[in-house]
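Could you have a look at this structure, given as structure tokens, before my questions?
So that you can tell them apart, the chains are marked A, B, C and D in the order they are listed, and the count of residues begins at 1 in each.
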Amino acid sequence: MTGKHTWAIPEGYIPAESTGPEPEMESHETVCILNTNDEEATVEITVYFADRGPIGPFEKTVPAERTRHFRFNEFEDPEKIPKGEDFASVIESDLPVVCQRTRLDSRQAENALLTTIAHPGE
Amino acid sequence: MTGKHTWAIPEGYIPAESTGPEPEMESHETVCILNTNDEEATVEITVYFADRGPIGPFEKTVPAERTRHFRFNEFEDPEKIPKGEDFASVIESDLPVVCQRTRLDSRQAENALLTTIAHPGE
Amino acid sequence: MTGKHTWAIPEGYIPAESTGPEPEMESHETVCILNTNDEEATVEITVYFADRGPIGPFEKTVPAERTRHFRFNEFEDPEKIPKGEDFASVIESDLPVVCQRTRLDSRQAENALLTTIAHPGE
Amino acid sequence: MTGKHTWAIPEGYIPAESTGPEPEMESHETVCILNTNDEEATVEITVYFADRGPIGPFEKTVPAERTRHFRFNEFEDPEKIPKGEDFASVIESDLPVVCQRTRLDSRQAENALLTTIAHPGE
């Protein structure tokens, strides 16, 4: 079994504009979750801001032996995450999973990419 | 001896298009494995998807005191990894190794790069 | 409680030039700090250079359940961090936090991004 | 005291071409080392390849409370590292340090950046 129950990502930002064909080239901020267990994992994502209280949890499921790449810009329930504002996120899972985040920024003509494995909690 | 026996990479994606001279500028998704041991390491890579079961293992070897940078877009046995589809991977090695992944995305005129050390398992 | 009391970032560099509208597209070097505790965290950042002694500490606060994304190019007290010079940083917090750093480099026409979770101390 | 005695970086590559003014925009592959100790650290870097034995060690020093950002493309003693060839590196230090690697790739008109904290050894 590979993974941890808690992950933190201090940096989040959904660029307000995009260049290029959607959805591949739409600016997006993604959390990628890998569940290697033989049972579905239930994941709760809480989003933190600079100047107001956290929102969420956003509930997601990752089936057994599957990966799901969730785009923060598509989160809707319980509310949307505003574009152009700094945020951070904490991912809590009932089963051990592995989390990584990636951003495609296509605000300028050529896209830019960044990624990092999230910080595993205890 | 440096390394771990298990590594996980939640995010994988082989862009469907490229710009620029191949093979240097072909869009690719790479896992780089370093084997500092004085014996050859046998590595098994399993690839996970969003909506179907995992494929593999893809068997690779890394000779003693060597590094090998494997491109997911060149995997063929037991099958190819489709382009333009989200995936994740788990690397299991009989000897402790260190894994890192890198992507060169040349879909637009200027290339973009990302990298991260993989998540080490227990 | 998620996080550590000490974090290190060996690479820092504030590009001397920018292209594009400020402040979004101004070249910047950011440390993002997430405080999931229910109390305010007091953070001290020390900046190291190649050829002279460290400066700081720069004192910052991150309120309870908030994230703050600090730009090194806006640090002023006790002194400014010079542009175009290699630096490193150590972040010490009285409460456990999680740190990540990101750079937007807009020296050339298209921006480039990089990020990594900082290295957690003991 | 922050850091470890051993670090591994599985991915290395010095692009063969550059675009833009040197040395800032010359394609480079950097290892950034932070020494927060109050004594000079002596560092030995060994470079691994795909199809031949490792070279080195390249000996470097990082003074007390300093950071040094070493460019692999400037290594000369005991030999140069070839451009356009995959490599990996292991950093061993007599004092605990923190290592991060960064690449600026300016082969195409717009530069691309990547970075990651190295993998800490035991």
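The rule is short, and it goes like this: a residue touches a chain if its C-beta (ideal position, glycine included) is under 8 Å from a C-beta of that chain, and two chains touch if they have at least 3 such contacts.
Everything quoted here is computed from the prediction, not taken from an experiment.
**Q** Among the chains, which is located farthest from chain A on the basis of C-alpha centroids?
**A** Comparing chain centres, D lies farthest from chain A.
**Q** Shared interface numbers for chain B and chain D above half of all numbers used, same, or below, different?
**A** different
**Q** How many angstrom lie between the centres of chain B and chain D, each centre taken as the mean Cα position?
**A** Centres of chain B and chain D (C-alpha means) sit 21 Å apart.
**Q** What is the distance, in whole Å, between the centres of chain B and chain C, each centre taken as the mean of its C-alpha atoms?
**A** Roughly 30 Å, centre to centre.
**Q** Of all the residues in chain D, which ones touch at least 2 other chains?
**A** In chain D, the residues touching two or more other chains are 109-110, 112-117.
**Q** Which residues of chain D touch chain C once you look at their complex with the stated criterion?
**A** For chain D paired with chain C, touching residues are 2-3, 20, 24-25, 30, 32-34, 36, 65-69, 98-100, 102, 109-117, 120.
**Q** Contact residues on chain D for chain B in the complex?
**A** These residues of chain D touch chain B: 6, 8-11, 48-51, 53-54, 84, 86-88, 90, 103, 105, 107-110, 112-119, 121-122.
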